[in-house]
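The two complexes that follow have chain A in common; it is paired with chain B in the first and with chain C in the second.
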Partner chain A sequence: MTTRDSRVPTMEDVLEDVTKFLTELLADREIEPAPVIGPDTLLFDADGSGAATLELDSLDALDLISALEGEYGIEVPGEIVFATIRTVEDIAKVVVSIVQ
Partner chain B sequence: MSGYEAVSDTDLYREINSRLVDYLDPRAGGYALDVGSGTGSMAELILERDPGHLVWASDPDEDMLGSLRLRLGSRVGVLHAGAEDVAGWFPPGSLDEVVIGNAIHLVSDIDAVLRSLSGLLRPGGRLALNTAFYSGAERAQDRPLYWAFILRARSIARRLGATAPEGRTRRVLAKRPLRPEQYDASLVAAGMKIVRAQSWEVPLSADLLQSIVGAPVFAAGALPGIPTEIATVALTEAVRDILASEEASISRTWYYLVAERLDSE
Partner chain C sequence: MTDRILVTGAGLETCIGGDLTAFWRNLVEGHSGIRPLTSFDTSDFPLKIGGEIDLDPTAFMSRTDVRRTCRHHHLLMSAVSKACERLSLRSGDVVALVVGSGGGGEAAMAAEFGKHAERLATQGWRAFDRLAVTRVLPNMAAAFVADKLRIHGPCLTVTTACASSTDAVGIAAALLRSKAADVAIAAGVDAWLNPYSQGGFCKLQAVSTRPAAEAAIASRPFDRDRDGMVPAEGAGAVILERDSAGRLRGEEVLGAVLGYGSSCDAEHPVMPRADGAIAAAAVQRALAQSGLGSDEIEHINAHGTSTPLNDVAETRALKRVFGPRCAQIPVTANKSVLGHASGACGILEMIATLLTIRAGVVPPTVNLDNPDPECDLDYTPLAARERTIRAAITCNFGFGGQNAALTLAAAD
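Here is the complex of A and B:
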């Protein structure tokens, strides 16, 4: 991590961190089988399609966004979340757009 | 005052609670325990339905019980006890009804609590509960709105000087929202027979929504670690912003469950 501190994080860096934080967040959920977290993984089912998601609720959002804000020293506006965030990659894109 | 009166006094919340009492169908002249009674809305509805009913109301929050005493006086017995402890006050098999209105999601060990409370019921006695905090209570299309609302409230809380705690939020609600069938299974494991399991999607009126988010008990669950007095202001401002800017509406599905104690062998 120290090598990253001296440069602006890339999309890959942020995706790695989002995945790490989500894995920690879901570790005590006893979800079987354990979810595979990738860029296209849905955070929640926003359109009632029934697609597999991580089923994150608003407290999960607090944890995840707070962790990323702490990692990168940023603040994520709630308006952006409502408009754009659905997948793991969407969260990473928001973080990248703020830090870069 | 507990701050919950603004919620419990709304017409919609009264309707939500009235359904639970209807489904409970209290026996005339019976003996009921209202667990997590809050300000006494459920106890009051039972007494309206059957003035001869004996009702005990229990809650761990002294402010809520203070409001309950003002509301109901000596019409109910009052116990300062949480769901985990209240069973110890009653002999096994002594009650006709146990009701848990909008509170089961605040319990950490639901299996243990439902087991202890079912033991208080006579054979054929009923336990009724409802909750709007379980897996599936939110509409899919409302989820982004909930996320935006909570994050907006957190930003406002920061502006008001609150410092969010480091690390994971300590959930005030049950560790993980249960699925409805998990509540069913918990009651069955406690020796109960499910007699009604029903869902009701409720469009949340603006006044109820603003009342809910302004209640300290909600604020503690929605923004853990933020001082309650700041959290209530932040949440109220955030819901006003969201409802005003997005012309949004939120619905939530209440789950109602009624079970009967099986005859002892």
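Here is the complex of A and C:
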């Protein structure tokens, strides 16, 4: 994550941070070919739509949330994490809504 | 005599080297690994020095794993991985992992507190990150290593202060003898060079307060001018196998564990029992299990912490066990160059003892310029000495009156 100035982060800022974190996380797994991460990329399980999924597990989710909480000084309610977040964009929206 | 347990691999991370060759060379040549501390700001601390390790965990762990764990895990992972480099398992082998640590997750907890100290004041418990528990529970370092190395046998964490990894070896040996495992990895780790862990020991006045310029001469076991232990971080691991299992397939055997003994002073939380009687019992039990007589021990690797109390109590304990002959047994105190790696000291000193037996050279106790009159054994002062050794004792004594000892012997 990058250290930002004191301005309220935008959706683009958070998307960039999430993408960077996930890129580094997946780089360690040496997946070939490297997955393309976009706003619509599914984080966890496939939903039958054919959209790419990163297949993160629960520990990965906690790791990601923890990093975002640390970066933005927020607390993401636990019930939101697993109930409503499906895509990269979903997690960014949650963070932005809490921060703003 | 109990089934011999053979040591078929070893790995370590210490302030005097991360491989057996450098470790042994620096022990024998008396090159201290104690330096001015850089892990944290000591300007406000009475403690200025310690044994730090230059370790880049990304060299052997993924960045994700490094982030999700802490230095405690990193050191252990390195030592165990090195010990396992030549480990060859048979199909169906049950592998056990027993890790000794004086602080367990305490140092990790202290590091977490340090990381979040400012936010803790304003946010309270919410300041901890969601993975804090996976770092600070005492068992998690062993569990992490077991995960990475696919160890599915008993996975235990032992915490008996400075005796932890000596106890870990004893318990691992017992698992082998009971056939609960086919191979056992015994290890020790402590990464306690942080202001919160060391603050507590400073409050107890247990550490040396020598200035940074005296780092290399501060750890002075059995010396009249010793003023406390010098903390160090460290990790070590050994591979243990039953001799009777006939597993040897040309692997190099470093030595044998013939016996293990443990006892508890049950007297005081931090001060050893002054007469050394119960500490002596641990040594006597290690001898009894080995089947050897005290007259067959030709070397003692002492706990030798450089504290005013331990060194005297230990001397008395050894005299109880070995009688008048004790004065003829060469003793060494590795902490004079290694510093005190807390729960990891036992495994490191066990490895040192095995190397001593194999090489026929007793490393010196450095900085022993003026022996305390109450410490009147032959601690091999200042210079290494050649000596044929067939069997030796290594012993460790920790806070809480925790005592442990091993009887070690040559491979053949």
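Worth pointing out:
Keep in mind that, in the parts below, the second predicted complex is superposed on the first by the 90 of 100 C-alpha atoms of A that agree within 3 Å, B and C clash if a C-alpha of one lies under 4 Å from a C-alpha of the other, contacts with A are read in each partner's own complex, and residues count from 1 in each chain.
FYI, a contact is a pair of C-beta atoms (placed from the backbone, for glycine too) under 8 Å apart; a residue touches a chain by one contact, two chains touch by 3 or more.
It should be emphasised that the depicted structure is a prediction, and the values quoted were computed from it without experimental measurement.
Look at chain A after the overlay: chain B and chain C clash there.
In the superposition on chain A, A:85 makes contact with chain B only, while chain C stays out of contact range. Contacts of A:46 after superposition: chain B is touched, whereas chain C is not reached.
Counting the residues of chain A that each partner touches, chain B and chain C differ, and the larger count belongs to B. Once the two complexes are laid over each other on the shared chain, residue contacts for A:62 go to chain B and to chain C alike. By the touch criterion stated above, A:12 is placed in contact with neither chain B nor chain C. Looking at the shared chain after the overlay, A:77 reaches chain B, while chain C stays out of its contact range. With chain A used to align the two structures, chain B clashes with chain C at 133-141, while the other stretches in 115-123, 133-141, 223-231 or 385-393 stay clear. According to the touch criterion, the shared surface of chain A, contacted by chain B in one complex and chain C in the other, consists of residues 25, 28-29, 59, 62-63, 65-66, 70, 75.
For chain C in complex with chain A, the residues that touch the partner chain are 62-65, 67-68, 119, 126, 129-131. The touching residues of chain B, counted against chain A in their complex, run 135, 138-141, 143-155, 158, 164, 166, 168-169, 171, 173, 175-177, 222-224, 238, 246. The residues of chain A lying in touch with chain B in their complex are 25, 28-29, 44-49, 55, 57-59, 61-63, 65-66, 70, 75-79, 81-82, 85-86. Of all residues in chain A, those touching chain C in their complex are 24-25, 27-29, 59, 62-63, 65-66, 69-70, 73, 75.
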